[in-house]
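For reference, the structure is listed below as structure tokens.
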Amino acid sequence: MMTKDDVALMILEAKRTTGLTWEEIADKIGMSPVFTHSACVGMNAFPPAKADELVKLLALPQEAALVLSESPTKNFAQTVPTDPCIYRFYEIVGVYGPTLKALIQEKFGDGIMSAIDFDMTVTRVPNPKGDRVKVEMSGKYLQYSAW
Amino acid sequence: MMTKDDVALMILEAKRTTGLTWEEIADKIGMSPVFTHSACVGMNAFPPAKADELVKLLALPQEAALVLSESPTKNFAQTVPTDPCIYRFYEIVGVYGPTLKALIQEKFGDGIMSAIDFDMTVTRVPNPKGDRVKVEMSGKYLQYSAW
Amino acid sequence: MMTKDDVALMILEAKRTTGLTWEEIADKIGMSPVFTHSACVGMNAFPPAKADELVKLLALPQEAALVLSESPTKNFAQTVPTDPCIYRFYEIVGVYGPTLKALIQEKFGDGIMSAIDFDMTVTRVPNPKGDRVKVEMSGKYLQYSAW
Amino acid sequence: MMTKDDVALMILEAKRTTGLTWEEIADKIGMSPVFTHSACVGMNAFPPAKADELVKLLALPQEAALVLSESPTKNFAQTVPTDPCIYRFYEIVGVYGPTLKALIQEKFGDGIMSAIDFDMTVTRVPNPKGDRVKVEMSGKYLQYSAW
Amino acid sequence: MMTKDDVALMILEAKRTTGLTWEEIADKIGMSPVFTHSACVGMNAFPPAKADELVKLLALPQEAALVLSESPTKNFAQTVPTDPCIYRFYEIVGVYGPTLKALIQEKFGDGIMSAIDFDMTVTRVPNPKGDRVKVEMSGKYLQYSAW
Amino acid sequence: MMTKDDVALMILEAKRTTGLTWEEIADKIGMSPVFTHSACVGMNAFPPAKADELVKLLALPQEAALVLSESPTKNFAQTVPTDPCIYRFYEIVGVYGPTLKALIQEKFGDGIMSAIDFDMTVTRVPNPKGDRVKVEMSGKYLQYSAW
Amino acid sequence: MMTKDDVALMILEAKRTTGLTWEEIADKIGMSPVFTHSACVGMNAFPPAKADELVKLLALPQEAALVLSESPTKNFAQTVPTDPCIYRFYEIVGVYGPTLKALIQEKFGDGIMSAIDFDMTVTRVPNPKGDRVKVEMSGKYLQYSAW
Amino acid sequence: MMTKDDVALMILEAKRTTGLTWEEIADKIGMSPVFTHSACVGMNAFPPAKADELVKLLALPQEAALVLSESPTKNFAQTVPTDPCIYRFYEIVGVYGPTLKALIQEKFGDGIMSAIDFDMTVTRVPNPKGDRVKVEMSGKYLQYSAW
Amino acid sequence: MMTKDDVALMILEAKRTTGLTWEEIADKIGMSPVFTHSACVGMNAFPPAKADELVKLLALPQEAALVLSESPTKNFAQTVPTDPCIYRFYEIVGVYGPTLKALIQEKFGDGIMSAIDFDMTVTRVPNPKGDRVKVEMSGKYLQYSAW
Amino acid sequence: MMTKDDVALMILEAKRTTGLTWEEIADKIGMSPVFTHSACVGMNAFPPAKADELVKLLALPQEAALVLSESPTKNFAQTVPTDPCIYRFYEIVGVYGPTLKALIQEKFGDGIMSAIDFDMTVTRVPNPKGDRVKVEMSGKYLQYSAW
């Protein structure tokens, strides 16, 4: 049975062969780069029409479209990530977590930012002292119930 | 010896007494709310002049200014945070970590976003379907050396 | 500075003295027993008016009302609970977690049950073979974004 | 030797081929959807007659019926689940565990809800503010012995 | 507020002063030694009448009887015990756990031995090659539901 | 090289084919059911003569007898078992461990029950309120040296 | 209630005051240095007569003798020791554990070295290339039962 | 590429075929049994001449000699060993670690026993009360630098 | 799809065949030995021209050059390394970590040494008391932002 | 009894009062800054004469000199450090550990760099692109025994 891991591997191979970037792939199917990469590696589900477009773009077998639009099980193996690029985000959550919580509560009340009704972008910002990575997250505010 | 924990407690008490918000405190000392909260709870060091302003604003003992401008040891006790508001950010790193890495490398090369030369904001974005939390992170791109 | 732990202890003492049950306390302040217990032990925030009512009911100091309505930090110390009564719920999540996920996705699509816009009840159901504990959870369905 | 994992895979393939939902499969063999899914993925044992019906319904090899009715070893690999849909239930146990315990003891005495003599349902409840997931658990109350 | 830990300490002191053994204490209040020790150190709740007898026997303050009959939260701090006497039992569960499971299922069906409707004894068995410790556990068989 | 895992699998297949129970297998080779199961799954070593009998009984290849009588390495993978039937025994050790220790020391002195010079039985005890699982462990008392 | 930790502290203070070495203390009470240190820090129980001698030697309160002869609970907090002197022994067990097991089984059969009926010495061995630490452990061989 | 694991397996097979003991193998190549076993299973590197002798003795392919004399990476998978024979040594380190440290420091100064410039023997010591396992470790004393 | 693990294995085989040292390989491609080894085993990315040189030097397939210049995911599996040679560096970080931090802050201000804009060398330093390993690390100082 | 933690606190207070840097303190007592800081915070033992000098320099009570020269137990609480400045060194060990091992073995043979016969310096190296932190470690090479 074709799995999300199988399809991710096919996509990586097609990407190496075609020389397409994630940004180009995303543009061609009309989705954002963050969501596109995430769904390609099996951490999100493409809307069926987008899965079809991707399959055509990269010449994958048709069954892959079905797999790409199934709900994934989002398992991440490392409790604390070791790759430095990913660890820095983990560190930011560790250091600034209580600050994010305090400011969200000050601005909204007792609640959280949703990680489900959520989107994110990554941008390169030119800067004479060295270009900067800009990450923007946006999630719906969810208020705790009291009942 | 007065510690950063002692001072954090004094600040929280003064904040409860005065009714000031983190945003107001930040405004009055001319720093951002994220940095202000973080340095107040002992996860960052205030520039000495800012520490002095804060101490005056909240009527803390003068020794507190010294403590607030010392380099902190950034210990966070929970490897995986349990508070739902903080956990959601941890989850985002777990789910989207490889995506952030892939897009940073596509846009910049082999490197990372710095968590040291770094700043962050939290904003409330009105939305008819429910207001949204916007978190913007900006960190200097650091290229891996090859030597 | 009076903390949520301090107030929880005052409430437990008042409860022992007055002989009130959680259900009676909840009834008198017009909240559900689950939410009432949870907010009393510091895992939820009472609406200010309810905090006032509780403080009057149990003759707590007025400052306690302020504390009871502040946003809590929901830290739970045991990654795997050891108390048998709590462990059984952990076990149910371990054994039936993939089943809950599969059925939610079948009935709703790619998303989750919110643990924030959420409520719960506990009921005793008479049964000739031995009475049963009934736990009902209700959470808003949240659909994953695709963007 | 055919294992529960082998059979689970056959079922998932047959399900994809036939287009049957878990609810339809459960209806056809006269079991609940929660139990049916759980036993199909190897976390419960079907009564032999039900295993036979399932094998016929999905055209599995006859040996699968034997496997489906054997007692499973309920191993779950993640101490803390990472999939957001499952994690939310873990979080509920962490946040509300002491509350569940306090209310069970108030209503019944010193004991627990059984996770063995236990059943569960998942329902979609329409709601103008967004439909809700309803999970109902029912387990026999078990009183601690004193001897 | 007097806690189970406070009372356990009072009992240990009274035991040292009076020179009574656990077996003698158990005999005098008409409970088994295993249950008596366990409830004295806060891992079980005495029936109220037994708590009263114990309080009289050891001349504890009357409030202790109330504490001794409250439902305990059974927290054990070490996931893997280090004391050799306790570790050996942990090792037996690790080595013989699958065997206990296989034989219970062979003799009863798909189910478990209850750890709630449960009792245990410890006996010294004379033996010319060295006396032996005999531990007898008895728990009600609980059959998994199928629904 | 034939391993204990290979042989365990052969035995499970032979058991399924022949329909023999563990108790019947044990009877036929004149060992107890607990030891027999444990040695078949690779957690104990059969005396060579018993290994020979087993190999004949189940028509295994002769090399299996050699493997069955080799000293095993007793690795158990889960620090905390997740299968409910096994977990309950873990829980008993967690809750009653200090009690077992206290009573062993009261009856014997400063020492432990051996888990090596050790045997165990599992019995079904009829009971009108529900049959009970009886587990009897017997281990040699070992006194700590003082030197 | 005087605890083993209290007494260990008294002994360390008396040792600092009197300038006695562990070896001298051991000699004066007629026990080995390893056992003496271990029992002084609360990891073993002195025979009552030896506890009395130690109490006299170091002028401790008489109650300390009772405490020193009680059975200890041997809790060690670090699963993996961090002190380099202790870690090296941990490393030896990790690297040579399977070797120790293989040679014990080759020389004795299927069994273990007891850590209870056990003694140990530490000696300084002069060596022109640098003196050496010699550690000798001796434990009774225990044969696994087969029953 | 032939690995140390591959060679270890060849040696175990040759050992089973030839019936040689570890002690005999060690004697024939003129190394100690502890070192011989350890290097055979990949936890130490044989001097090239000894690797050659071993390869001849057991009729292994010549490439194995190269592999046997390469520096190993000493990975041990279990932080806390579960095999009872190995666990007992872990337990000894946990219980007696601080004692070993105290006595080494008393006899030598501030330093440790090397686990690198190190050797070990295992001996069977006849004893009328039951033969004993004797383990002797010898490591060079290493003094901490002060600079 | 050829992976970094595949290429690392090819390099190790070529290295064994050719008898080249890491230092010689590094010299021939004009990179340092530390960086060369690290990029060969998949923990760093070679500049494309260097990857080409290496592929020619060791007669690897041309696709390997592409793989060697891709950004790696730096996963290290052991949270605490067990190999003694690597563990000693871990221990140095544990023991001297707070010292490194204090001295960096004293010399530079509130910041860190970069592990990204970073290089390292390993040298053999002759010494009559025994040659010494010299490790030199150099990383760019990064100052914490205050904003 | 005065402990190393007590003395560390006294030193930090004296340092804040006198305004001395670690480098100045080290210079005045003729030790290196790394060793001085490390021994002041309780991770190394000062030679008695140096402890005396330090006590005089900072006007500490005389008993502190005794404490500063006692062998410390080097416990570090965080298995994975969270402070970014310390974490980066941990990350370097994780990423470059196998490289350090490979190069040490290539230059010396099968052995390790001692972390006991060891010294370290931290230097600020001016650099037009941003000053750099230089860390130099030197440890005696220790060859594995073969016996």
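Lettered A, B, C, D, E, F, G, H, I and J in written order, each chain numbered from 1.
One rule holds in what follows: a contact is a pair of C-beta atoms (placed from the backbone, for glycine too) under 8 Å apart; a residue touches a chain by one contact, two chains touch by 3 or more.
The model shown is predicted, which means the values in this text are computed figures rather than measured ones.
S.K.: Which listed pair, D-E, H-I or E-G, shares over half of the residue-numbered contact pairs seen at A-C?
M.R.: D-E
S.K.: Let me have the rounded angstrom distance from the C-alpha centre of chain C over to the C-alpha centre of chain E, please.
M.R.: Here the centre of chain E sits 30 Å away from the centre of chain C.
S.K.: Distance from the CA centroid of chain F to that of chain I, rounded to the nearest Å?
M.R.: Roughly 48 Å separates the two chain centres.
S.K.: Report the inter-centroid distance (CA atoms only) between chain C and chain D in whole Å.
M.R.: 24
S.K.: Name the residues of chain A that each touch 2 or more other chains.
M.R.: Residue numbers touching two or more other chains: 34, 73-74, 76, 79-80, 82-84, 91, 94-95, 98, 101, 105, 111-112, 114-116, 118.
S.K.: Please list each pair of chains that are touching.
M.R.: Pairs satisfying the touch definition: A-B, A-C, A-D, A-I, A-J, B-C, B-D, B-I, B-J, C-D, C-E, C-F, D-E, D-F, E-F, E-G, E-H, F-G, F-H, G-H, G-I, G-J, H-I, H-J, I-J.
S.K.: Which bits of chain B are touching chain I when the two form their complex?
M.R.: 31-32, 34-35, 39, 44-47, 50, 71, 73, 98, 101, 105, 109-112, 114, 116-119, 142-147
S.K.: Once bound in the complex, which stretches of chain C touch chain F?
M.R.: So the residues of chain C in touch with chain F come to 80, 82, 84, 87, 91, 94-95.
S.K.: State the interface residues of chain J toward chain G in the complex, per the touch definition above.
M.R.: The contact residues of chain J facing chain G are 1, 66, 73-76, 79, 115-116.
S.K.: Quick one: which bits of chain F touch chain D in the complex? Just the residue numbers, please.
M.R.: Within the complex, chain F touches chain D at residues 9, 12-13, 16, 78, 80, 82-84.
S.K.: Of all residues in chain H, which touch chain G in the complex?
M.R.: 21-23, 33-34, 37-38, 41, 43, 74, 76, 79-81, 83-86, 88-108, 111-115, 117-118, 120, 122-125, 127, 129-141
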